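Consider the two complexes below, in which chain A is the common component and chain B and chain C are the respective partners.
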Partner chain A sequence: MADNKFAAYICSGCGIGDAFKMAALEKVATKEGKMSMVKSHPFLCNAEGVQMIRDDIANEAVTHICIAACSRRAKTEAFNFPTVAMSRANLREGVLWVVAAGAEHDEVRQEMAEDYIRMGCAEIKKMNLPKGNANRDQTRNKSILVVGGGMTGMTAALAAAEAGYEIVLVEKTDALGGFAARLWKRVPFSGPYAAPQATGVAEMAASIGANARIKVHLNTTVAETGGAPGRFKIKLATESGSVSELTVGAIVQASGFTPYDIGKLPELGGGQANVVDQAGLEALAKAANGGAIKRADGKDIKSVVFVQCAGQRDETGTHLPYCSGHCCATSIKQAMYFKDANPEVDTVVMYDDLRVPGMGEDFYRSAQQKGVIFTKGKASKVTGGDSCKVEFADLILDEQTSIDADLVVLATGQVANAGVNLDAWTEVNTLAEGGDEGAKQKRTEMKTISILNLDYRQGPDVPQFKHGFADSHFICFPYETRRTGIYAAGPMRRPMDMLQATEDATGAAMKAIQAVENAAAGRAAHPRAGDLSYPIARLEGCTQCKRCTVECPFGAIDEDEKRFPVFNEERCRRCGTCMGACPVRVISFENYSCDTVGMQVKAVNVPDEDEEKPRILILACENDAYPALDMAGVQRLTYSAYVRAIPVRCLGSVNTIWITDALNQGFDGVMMMGCKKGDDYQCHFVKGSEMAYYRMSKIGDTLTQLGLEPERVVTEEVAITDNARVAKLINDYAAQINDIGLSPMKGFG
Partner chain B sequence: MTASIATSQGILVVGGGISGMTAALEAAECGKQVILVEKTPSLGGRTAQLYRYFPKMCHPSCGMEINLKRIKGNPNLRVMTMTEVIAVSGTRGNYAVTLKVTPRYVTPDCTACGECGKVVASEVADPFNYGLSKVKAAYLPHAMAYPQRYVIDPLIVDTAEGEAAKAACKYGAVDLGMKEETIQINVGSVVWTTGWRPYDAAKIQPYGYDRYANVITSVEFERLCDPHGPTGGKILRPGDGKEARNIAFIQCAGSRDENHLPHCSRICCMASLKQTQYVREAYGDGENAGKSTIYYIDIRAIDRLEDFYRMVQQDPTVSFVKSKVARIAENKENGNPVLHGVDTEGYHRYATEHDLVVLAVGMEAEVTGVKLPEDIILDSSNFIEGSRDGGMFGAGAASSPLDVNRSVQSATAASLKAIQVIYKTASTEAA
Partner chain C sequence: MSDLNTQAVARYKNNFLREVEERVEEGNMVKMCMQCGVCAGSCPFGPHWQHSPQKIFMMIRAGKREEVLSSDSMWMCTSCYNCIVRCPRKLPITHIMHGLANYAHRLNLAAKGQPTRDVARLFWNNLMKTGRINELTFSLGLYFKDGFIQGIKNSLAMQAAGLGLLKAKRLNPMEIFGGHKCKEKSGIHRMIAKAREIEDRRRGLA
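Let's turn to the complex of A and B:
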C-alpha cells in the first residue's frame, strides 16, 4: 500500500483572503497540521482550483486532503474527489460569516480560522478512504422474499419481478388473494369513479403463476429469518411440518390485516342475526353472484343500514382509536351493490365524518345519484334479528331517533398483522434473560404470532409505531422500518385501502431492490445512502457490556455465545450510536471514529487562563443543527467567536471521551446540539438524541470529580430551521460561561 | 453531480419538489441514470414553502437536507434547474425530450457570496413567500436553496444595475448575455412529478379573496407563520399589519364543489388542523390565547391522523363549526371579515366576525405551463393517471391530491415503474 500523503488547500475567495492572514493559516497547516503540501488559491472551487487539486492527487500521490474554504455542505460538486479522504475546514459559513465585523474582532476571528484548520488537518490524519463493506462478496443475493400473498404481496412480487428480480412469495393459506379474494368487487382504481370494479385478484394470481421469476409457496410461513440484506437466511415451514432453507437479499412484509372482531361490539349488535361486518356483506354479495343480495336466512333485503366507525375512532379506550381510512368508500361500494341490483332497496350510510379523500369524492357523488342516503349520526345501539333496529343520535336534527332495517352492516376497522410488539417483547425478554422461568414461557407464547421470526438480538419482528402498525415515524421517508432490508407494505404498515396498498407495495418493492443493490455494493442504505464506511470493532478490547447491541436503533448487532457483539454491516446505517455507546472505544468507522473527532478536539488551541478567552466545544448533528449553524452564516447572523463546532453523524455517536477530553484540556463548556427527542422524535437515527441526553445525565459525576460545574456540559434540541435560535443559544451560553468563569482545568491538558 | 449521460437507459423526472427528488433518488440509488429537471431556480417545490408538517409538527427542511445530501453524493443523478420540458416524442423505452433552459444569468462559478445582491436595489415579488414580500433582483431563492447559486431577475439584466451586479462578482459568475437554451435528450421513461398549485381563490367569489385584504389562502398562512417568512413568523394580517388573533379557517375552499374542483383535496383538513397549532404556538393557551375556528363539512383525518384531530379537538383555543360558509362580508370599520352561513348541527344562522380568514384552498393539478405529451392520460380533475404506451407515469400531487407522506410513497412506486420500463427495453435490445 502506497504511503499516505497529506495536503491542505486554503481558499482565499469569498472574502476569506481579506479577513484572515493567509500566510498564518498556511503556516498552521504546515507546522501544526503537519501537512506535507499546503496551497492557497483565490477561487478554489473554480475549474482551475479544482484541477490543481486533481493534479496533485494524480501527480503527487496525495491521498488525504483538507479543504479549508466553505462549509462541507457547499460546493460539493466542485470538491468531489472520490479517490482520496477529505476533510473540510469551514472558514466561510463557520467563521467569516458569523463572527462580528470590525477590527476589534480580528484577533478572535483569526484564532477561530486557525483552529478550524488545525481541526481539519487533525481529522484527516485519522481518516481513511472508506472502501465499502469488506464482506460484500457474501452479500450479493438479489432475490426478494415477499411475505403474504394478498393484494399487497402479489403487487410487490410482480413489481419487482418485472424489473428483473427473482421473487419468493410466501402465503400461509392455500391460495393467493388474501382479503381481496373475499371481496365481490373493489372500489375503482381509476376514473370514472362511478361504480365498483372487478377485484382483479384472479388475473393477478394468474400472472404470478405465469411469471418464471416468481416462486410461490402456499400453506407456508416464515419459521426463521437470520442474516442481513444481501444474505438473509430464511427457513420456510409448511403446514405439513417440512422446513426448507433459502437465501434472499431483501424482504417485503405484506402480512395484511384482520377485521376488528364484531363480537367485541355487542352494543352494536355484533354476534346477532343479520348484523354483519363489511367482510360478511362481501360474503353475501359473492353468494348472490350479481343477483339480489339475500340475508343468511335467505330472505330478501329491502333496507340496509351501514354503521360507519363501528369500533373505530373510539374515544373510550375500548376499541380502535384510529380511523381505518377505507371504510367510508367500502360502505359506499356495498350500498351500490344493492342499488345497482335494485334501486328500490333503501340504503342508509350513517356516518360522523364521511371520509372519501381525493377522487373518492366522485364515488361518493355517484352513490348520492344512485339514491344512497347519507345520514350524519352516531349509532348508540343496534338490535339484530328478523327486523333490525339502529338507535342513533341524529347530529343534524339534534335528536335521538331510530331506524329499522333488514340488515345492518358494521364498518369495523383494520387491525394490523404486524407480529410481535417489540416493546412488550423486550420487557419480557429482559426478564427471561435474567432467568425468570415465567418470562421464558411468556416469551415463547409471544413468539407464536411472529410473522418473520427474526433471530435478531432486538426481537422477532419489525418495530411497530402506533396502534400496532409497523409504520415509519418519518413523513419524508415512509419506508423506514428500522430493520434494514425489510420493508413493511400495505395495511400492516398503516390502515389503507386497496389502491393505496398496491402503490405501497410497489414502493416497498423499490426499496427492497435498492437494499439488495446497496448490499451488493457494500454501501449504506438511507439515510446515509451510499456511505461506504462501516463499523469496525476491535473485539480484543471488548468487555461484553452489551451496550452497542442493546442501543443500536436498527437492531444491526447480535451477540455470540460469549456475548461479544456480532456486527451485521449490511443492516447498519452508519449512525455511530454503537461508537457513542462503547465505554472502551473499540468501535470505529474508517472515516469517523473516536480519533477523528477526538483529535479535532485536541487540536484546538486553548488559550491560557490569563488570556481570558473561553473555548466552547459544539458537537452538532450534521443533519439539522450543523445546517442551522451554516444557515445562520448564510443569513449573516453573528455568534461568539469562542465556539468550535464539530459536525457529528448523530448525537448518538458522541462518545463521552470527547467531552471529558475537552474539559480536561481546558475547554470552558461543551454544547451538544441534536434533534428533538421523545414521542415525536425527529432524530433520523431514531434515538440518537435521546441516548445523548441519557448519557449526559450521567456525566455529572465526572464533572464533580473534575471539580467542574454541571453547566459546563449542556444538551440542546435544535431544529434545522433554528438559524436565529442557534446563534442566540450560543451567545447565551457564552454569557453563561462568562458568569461561571473560566475552567480551572486550563494548563493541565 | 453532472456525470450522467442521457440514453434510452435513462429516466427523466419532471419537477423537483419532494416527489421528484424522491423518484429521482430512489432510481439513482439503484444505479440508474436519472435527470431531474425543475422549472424554478431551486429544488424543494411547495414542500420547501411549508413551515411545519402534520402531524409531527416537524420541519420540511429536515428531510430536505437529507434528500439534498443524497443528491449531492450521487453520481447517477443530474439536476437541471430553470428547465422545463417543452416536447416529448417517441415511445416507451425511447423518448426524445426537448428541454428549455431559462437563463439564470449566473453560472455555476457562483459561490453564493452575496456581493451581487449588495449592489442591486431593485426588488421583485418573492415567489418563495407567494409574493407576500419582496426580494432583491439578484437573490438566493432561500437560505437552504440548492443549487446554492444566485439568480438575476430579467428585470435588471439590460440595466446599469445588472452591470453593477456583474462588476461586483469577483468570480465572473454573472453572465448577462446568457440566452435561453434548448436541449434534446433521450430517455427510456419519464416520471411526471409536476405537483400542484393552490386553486385560484379569487374564483370563489362569495369569499372575496380578491376584495378583502384579510382573506388569505392556506399557503400564504404557512409563510406568515414561518419565522423565515415575510413577517418573521408573526401572524400579521395583510390589511393593516395588525396581529391576527381570532382566525377562521374555511375548509373545502374550491374543493368538493362542482363549480370549482369536484375532488376532495385530501390535505386541507389536516393542514388547517395543523395551522390552528401555529396560532397556539404564537399566542399560547393562557389569557392572551388566540382563537381558531374551523368551518368544515367533514373532517377527513384518516388513519392515525385521527390522533391529531382528537388532540386539536381538545385544544380550548380551537372550535369547530359544521358549515359550508355561504359568503364573507367585510366590516368596513375595522377591516374584519364577517362570515355568514348556517351551522348544520342544529340549523342556526350565524354572522361571525374574525380578524383573519384563511381559505383552505384546494389542490389543482399543475398542468398549465407544463407541456404534457398527448399520450398522457389525465383523469377528470386533470391528475396524471399514466400514459397510453405505459412508459410515462405521474407521481405525487401530479397524480392525485396527496400529502407529503403519500406523495413520497407514490414517487417511490413510480420510480420502480420507470425502472421496469428501462429493464424491459434493455432486455428487448439484448434479445
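Let's turn to the complex of A and C:
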C-alpha cells in the first residue's frame, strides 16, 4: 500500500485548545502516531475546516485521516469523507467533558487526550476504505416475495406495489383473505369506533387482482428458499405438485396464526355442543348473514356468555401463558352482533382484565351503551349442551356463582404460524447428520410445518423467540427477523389484532424495500445501514472450527464441502460476532478488525507501577454504551481519567485476544459494556452480548494462568439512557481496582 | 311486599338493571361503570359501608335486587362528591346513590332502622305539616323516636346545648305550640303532590 497517505486533524475548538497543550498533541500524532501530515484547526467542523481536509484529500492525495475532535457520533455530516478511511479520536465528549476540572487534573487530562490521539492514529493505520460487496451485480433483484395472503400479506403487497416494487404473493389456500376472510365483520379501524365494520377483504383482493405489479399464486407454498437479500432463490410448489423457480430480493413473511385448539379446554366446555371459539361464532354470524344468529342446531339464541382469556394468560403451564391482545375487542364486537340484531339478547362478557388497546376504549363504551353486560369473573367450568352453564368466581362480589346461556363463546388465543422451532430442529438435525434413522424421520416430519424451507445451514425457518413467535428486536427493529432480508409481520411476530397487523405489514414492506435497495448497493441493512464493510475471512488460516457459522446470530455463514465458512455478504449485519468468535482471528472487516482494535489497545501508554496511575480499558458497544458515555460527557458528569474507551460494533465482536493483550500490557482492568441480554434482550444484534458473556465466563482460567484476579475483567449491561449510571460504574470500578491494587503485569508488555 | 314492589317484580322479572335504568335517578348510567374501583377508593365512608358504589353497580348488573335495595350503603352517602369528581366514566355516582335510596324507600324495601332514613322521614313529615321546619318538634321527635324513657335520656344529654340555643335566641320554646307556618299550606301540599305525580309518571311508578 505504497499509496497510502495518513493525516491527522486536531480541532482546538469547543475549548479543546484551552484545556490541552495542542503542540504536545500534534507531536504525539507526528512522532508516535506516525502521521505524515498533522494539522490543527480552531473550528474543524466549520466550512473552512472541512474544506481544508477536502483540499488535502484532493491535492495532497491523503487516503487515511484521523480526526481528533468530538465523538465519532458528533458532526457526522461535516466529517463525511466517503473516499477516505477515517478514525475519530474523541477529545471532547471522551476527555474534555468528563475529566474533572481544575489544574490538579491537568496532567491526567492531557495524558488521556494524548492516548486517544495515539489510539486514533493506530486505528487508522490498520483501516481501509470499505469497497462494498464485490458481488453486488448479482444482488440486484428488487422484487419482493410476500408469504401469506391474509390481511397482513395483502396489505404488505399493496403497500410495496404502490411504492413501485414487483410483488409475488403466495397463498397456500385457494383464496386471498386468510383469517380475516372468515370474519363476519372486523373491529372498527376508524372513528367513531362504535360499531363493527365490514372486513374489507373483498375490496383488497380485488385491488390486488387489478394491480399489474402483484402476481398472486394461490394453492401454493414455498418449497425452498436459498440465497440472500437481492438474490433469494425461491421454489414455489403448487398443490398439483408442479414446482416453479424465481428470484426475489426480499421476503415478507405474513404467515399468520392458528386459533388455540378449543379441544384442549374440556374444562371450559371445549368440544361440547353450543360451546364455540371466536372463529366458530364468526362462522355462525356469517351463516346468519346479518339476521339473528342461530345456534348450530338451528335454535334461537336468547343469551350468550363470552369467556375471555380461555386457555390464555395461563399460569399453570398447561395453556398459552400470554395475552393475545385482540380477543377482548373481538368479543365486544361479537356481543354487538347480537345486540345490533336484537337488543333483547342477553350478552355477558366475562373478563379478568378487559384489554382494549388503541381506540378500543371507545368501542368498549359503545358496547356498554348497547347493553352488553361486563362481568369481572373467572370461569371455572363450562357445561355445554342444550342449556349451557358457566360456573365462575365473581371477582368483584367475591362469590362463586353461575350463569345459564344458550351459547358460550370461548376467547381462545393466537398460536403463531412461524414454522419450525430451530432449537428443536438443531437437536434433531445433529442426530440425523450423525446417521440416526429415527432423527432423520423426525426431521422430515418437522419440516412439514416449515413456511420458508430455507436451505440455510442454521435451519429451515426464521428463529423464534418466546412461545413460538418470530424473534426480532422488539423495540428498535420489530420487523427484522434474524434472517436478513426476511421480514416478519402480523401475528406470527407477536399476538395482535387486525389493525396492528396492517400497520405491521406496511412496516415490514418498507423494511423489505430498504433491504433490496441496500443489497443492490452492496450495503448492510440495519442497524449499520449503509455500511459497506463486510467480513473477510483469510481461509488459509481457518481451522474449520465452525464457531463463526454457529455463533453468527443471522445465519449468514454457510459451509462448503470442505467445511470452510462461506459468507453470504447480503445476509450479514456486520456485527462482527464471527470476528469475536474466531479463535485464530482470520475474520476481519476492512475498517474493523482484530488489528484496528488491538493496535489501539497497544497504543495506550501504560505508566510504570511507581507512577501509580492505573489504566482501565473500556470496550463499549457503539449502539448503547458508547452513546451513554458520550451523553455522560454532554451532561458534564465526571469519571475517572484512567479509563480508555474503545467503541466496538457489538460486544459479540470482542475477541478475547484484545483482553489478554490489554492485561499482558499492564492494563489494570477491562470493562466491557454491552446491551441487555436474555429474554428481554436489547442487543442490536440479538445474540452478541449474550455471546460476549458466555465467552467471558470462560476467561477466568486465562486470568488465573496470568496470576490475575477475576475482577480485572468485568462485563456490564448498559442502556443508552444510562449516562449517569455509566459514570458511576466507571468510578466504582476504578475504586475497586484501587483496592485490588495495580496489575503485576506492568512492564512486561 | 308493598304493592309497588309486587308490581315492579312482575314488570321487570329478573331484569333489575333495566328496572334501575328506568326507575332510579340517573340509573341509565349504571351500565357504563367499568369496575375500576376508583369510587370505592375515594369514598370517605368506604370502609364503613356494606357495599361500595362499584359493588352496588356490579350487583345491579348481576340482578341482585333484594340485596341492593335493602343495602344500607346508599343511605350512608354524605354527598361529598369525591366519587363523581374522580370517576373516569363520569357516572353521577352520588346522584345514583340517592336515587337508589329513594327508590328503596318508595318500595318499602330499605333497611329497617337505618338512622339516616329515620331522620329523613322525620324531617319530611315535619316539613309537610306546616310547610316549614319546626326545629323544636323536629329535635324532640328525634330524641323520642325510640320511646319515652330513651327520649328523656336523650333530652337530658342535650340539655346544655338546648339552653345555650335558648339563651342565644336560636330556639323559641313557644314553637312547641305549632310554631310559625307557611301562609298557604294547602298550596305547598298541592305543589308537592303535583311534583310527585309528574315524577312517578316519568318513572312508571304511577
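Assume the second predicted complex is superposed on the first by the 681 of 749 C-alpha atoms of A that agree within 3 Å, B and C clash if a C-alpha of one lies under 4 Å from a C-alpha of the other, contacts with A are read in each partner's own complex, and residues count from 1 in each chain.
As a convention for this text, a contact is a pair of C-beta atoms (placed from the backbone, for glycine too) under 8 Å apart; a residue touches a chain by one contact, two chains touch by 3 or more.
The structure displayed is predicted, hence computed values, not measured ones.
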Chain A as common anchor, with chain B and chain C clashing or fitting: clash
Which of chain B and chain C A:Glu162 touches, first, second, both or neither: first
Partner chain in contact with A:Asp394 - chain B first, chain C second, else both or neither: second
Partner touching more residues of chain A, whether chain B or chain C: B
Touching partner for A:Pro478 - first (chain B), second (chain C), both, neither: first
First, second, both or neither for A:Asp739, with chain B first and chain C second: neither
Partner chain in contact with A:Arg365 - chain B first, chain C second, else both or neither: both
Touching partner for A:Phe374 - first (chain B), second (chain C), both, neither: second
Intersection of chain A interface sets (partners chain B, chain C): 354, 365, 396
Complex contact set, residues of chain A against chain C: 354, 364-365, 368-369, 371, 373-376, 394, 396-397, 401
Interface residues, chain B side, partner chain A - complex: 1-2, 18, 25-26, 29-31, 53, 56-67, 69-70, 72-74, 108-109, 111-113, 140, 143-144, 148, 170-171, 226-228, 255-256, 262-266, 298-307, 310, 344-347, 379-381, 383, 385, 400-402, 404-406, 408-410, 412-413, 415-417, 419-420, 423-424, 427
Chain A-facing residues of chain C, complex: 17, 31-32, 34-35, 54-55, 58-59, 61-62, 64, 89
Chain A residues touching chain B - in the complex, by the definition given at the top: 13-15, 43, 45-46, 70, 73-77, 80, 159-160, 162-164, 190-192, 313, 315, 321-325, 351, 353-362, 365, 395-396, 398, 466-467, 469, 471, 473-479, 494-496, 500, 503-504, 506-507, 509-511, 513-514, 517-518, 526-527, 529-530, 623-624, 627, 631, 634-635, 675-676, 680, 682, 684, 719-721, 723-724
